[in-house]
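In the part that follows, the structures are each spelled out as structure tokens.
Consider the two complexes below, in which chain A is the common component and chain B and chain C are the respective partners.
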Partner chain A sequence: MVFTTAINFVRSKGPDEFWRKRKIFKIAAAFRGRSRNCYSLAIRSVHRALVYATKGRKLKKIDMANLWETRLQAACEQHNIGYDIFRESLSRLNVMLNRKAIVDLACWEPYTFKALTDVARKKSLR
Partner chain B sequence: MTKVITIDKYVITFLRFQVVSIRCPCSFNSNLKTLLEMASLIRQIFTKLNIPSQFKTQNVIFKSLSAPSLVSGSHRLYSNQPTPYEVIDPDAQKNVNQEIFQQVNNQVESKNQGRLFAVVHVAGKQFKITDGDVIVIEGYWPPDVGDKITLDKVLLAGAANFTLIGQPIVQKGLVKIEATKRRKQYMRINFYRIPQTFLRINSVEIVGELNNPPEVRGLETAIF
Partner chain C sequence: MEFFDEKELTLLTSTPAKCNTLAAYWDEYPVNIWSAKRINPDEKTSDECDDDMAIEIGEKARLSLLQVGPERAGCSLKVKYKKMSNHSLFLKLAYIKTPLQNGVGRYVGQLQRVVLKFCKNNGSSRGMREFIESGLVNFAKDNPGVVVYLKPRRHRTAIIKAEYLNGETQWINCRNFTQEEIAKWLNLLKSQSRNTTNTRFLKLIHTDHPSIQGPWTPYTFRDPKLNLVDFPNEELSNPPSYETTTHEQLVELFKKQKLEELDDKRAE
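Showing the complex of A and B:
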């Protein structure tokens, strides 16, 4: 027997559905609950996750900058020099170390950091 | 706190009660008259700013002068008091510096300085590195895998006993940093790869003496 209408009932979204969804499931592999197994929940979670990742790249830079700033202020305080005086003197002496490098030195090379503060203090008194 | 005041034809700039610069239209030659004018200027500044007269003028050097003949009766522009002065030995700092250079050079020659570290500027970022480090450089970077590289932009170098602070970089041939490139790829979520490179630092050394730059500079990176 030939069922001519049966063919109209079968509607496939295309042969690639499995792999299209697999791309999403790969990203959602570590998510919680049904978001890692059910597609319609997974795409929502994945889209939000990607948005957070994009925003986070910017925030990371801001957070690191704030961290360096705090550490530098603390280090200057410990060495009895003002933060703004320190930075201004170093920049007038044309020492172009950025905050990340100076903070690394302050944490791991204390003598070097003390030398920097001494140099800055001398410059500021002149 | 920067203040600029004008007295007669002189424009004086202050920073935190220290005289930073005094600009006058005529050329400054050290004859008697100009020095006296300077002295009177200082007095006027102090009265204008209400600073107590014991304040030391650290940056201004002039000898004490006696000039009774220049005092006029009615309007006293010049005072009879000797102006405070400070004799600064210009060579004192130089001698101290020479000593330090000598000590460091001796240490470097006898290879006594131990492990050196350096702050180097690569691909727009600054890294604090020492021998044996691995650093990651993001973005497009021309050198190929396995290449030996010298890192030239050394902002600061140091050892246990001394630091060399560059302004902005340490003298070009002085610190030698050798590195080898090992490549690694890295896939980002929205299917965009940022190429990243691992760079192994082989050695950080000091080559040559301090305060003794070669006569012809700029040839360190030249290839003949």
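Showing the complex of A and C:
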């Protein structure tokens, strides 16, 4: 006899639960305490973590921009040129270096940056 | 300069049938041949730098390939890239590569077919309709290897669906695109070899020495006399004086005078 209805009484959500949860546990692997081992806690932490990650992408750009500003201000100050004058002179000379590039030079190639300030100073005096 | 001896060549060529050419070998095991080391870290000669680096690159490439070669023989390895941070959890990491050295000899476009779905009436498909009227025929003529299908579907947004030779598909929502934008996206699809939306591309650029002039320190632009100064120093503790000396004042007066003379001449 084949009982085809009995099987319908088994309430199973599906065969893929292990892998669904594994996707979450992979992200929660480095979390603290029960959040890395218990699914219902982990899923909450993971959702928050992902939200923070999305928000953080925008914030990172803002933070980096601020960092470059600060560094450029400091570097210009060391070479006795105003930040605004420096940027304006460079743009008038068609030197299209953005803040990131200039700050990289100022940090890793300080003499090149000094040369840039000299060039900008000469342009501003003319 | 020869990069490989006969021995090394035989080593490299004695790999399984999958990697018949050096290019295939490097494709399987991408090696960082761009990291250059200074031979003598004490001598900082910028003139000779390039030659030394060139030699070092060759050496390093040889050595690293030699290291990889014998281990590789007889085992199937897949190079795994350890992810460093959390931010690309859902993107797989990969170096950029082509299938079967496409382009080294012959280039075969990897785009197989393209389906343009659009609505005949809705305004969001306007750009798509314009593109179909103007630029589509040229696109099809220029790319005889790509099959273009048009599917007018009512009450649905405009879509480009691309299928590649490796079987992967990619679809781009073209709602409210202009015809130029659609043309640009089609060009991108044409030049791709697979769907790249799920990959984060790693860079082949690497350097162990990011600075040639030496990185900035607080002492880079300071007077070296400070090395011989005993702190606390009264002179240096005082604020800097910006008063000009009498000599400088005289020079300034002279220059002013000259300018005034010039102005008078111009006025006349």
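Simple rule for what comes next: the second predicted complex is superposed on the first by the 116 of 126 C-alpha atoms of A that agree within 3 Å, B and C clash if a C-alpha of one lies under 4 Å from a C-alpha of the other, contacts with A are read in each partner's own complex, and residues count from 1 in each chain.
Everything below uses one rule, namely that contacts are C-beta pairs under 8 Å (C-beta built on N, C-alpha and C of every residue); 3 or more make two chains touch, one makes a residue touch a chain.
The model shown is predicted, which means the values in this text are computed figures rather than measured ones.
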| item | value |
| --- | --- |
| Room on chain A for both chain B and chain C (clash or fit) | clash |
| Contacts of A:27 with chain B and chain C, given as first, second, both or neither | both |
| Contacts of A:108 with chain B and chain C, given as first, second, both or neither | both |
| Chain B versus chain C as contact partner of A:98, first or second or both or neither | first |
| Which superposed partner A:64 touches (first chain B, second chain C, both, neither) | neither |
| Partner touching more residues of chain A, whether chain B or chain C | B |
| Touching partner for A:53 - first (chain B), second (chain C), both, neither | both |
| Touched partner set for A:79, first chain B, second chain C, both or neither | second |
| Partner chain in contact with A:116 - chain B first, chain C second, else both or neither | first |
| Stretch of chain B, among 98-106, 188-196 or 206-214, that runs into chain C once the two complexes are superposed | 188-196 |
| Set intersection of chain A contacts, chain C complex versus chain B complex | 27, 53, 108-109, 111-112 |
| Touching residues on chain A, where the partner in the complex is chain C | 26-27, 49, 53, 57, 78-79, 106-112, 114 |
| Sites on chain A touched by chain B in the complex | 27, 50, 53, 93-98, 100-101, 104-105, 108-109, 111-112, 115-116, 119, 126 |
| Chain C residues touching chain A - in the complex, by the definition given at the top | 86-87, 89, 210-216, 220-221 |
| Residue numbers on chain B that touch chain A, as the complex places them | 59, 117, 119, 125-128, 155-156, 158, 160, 163, 165-168, 189-190 |
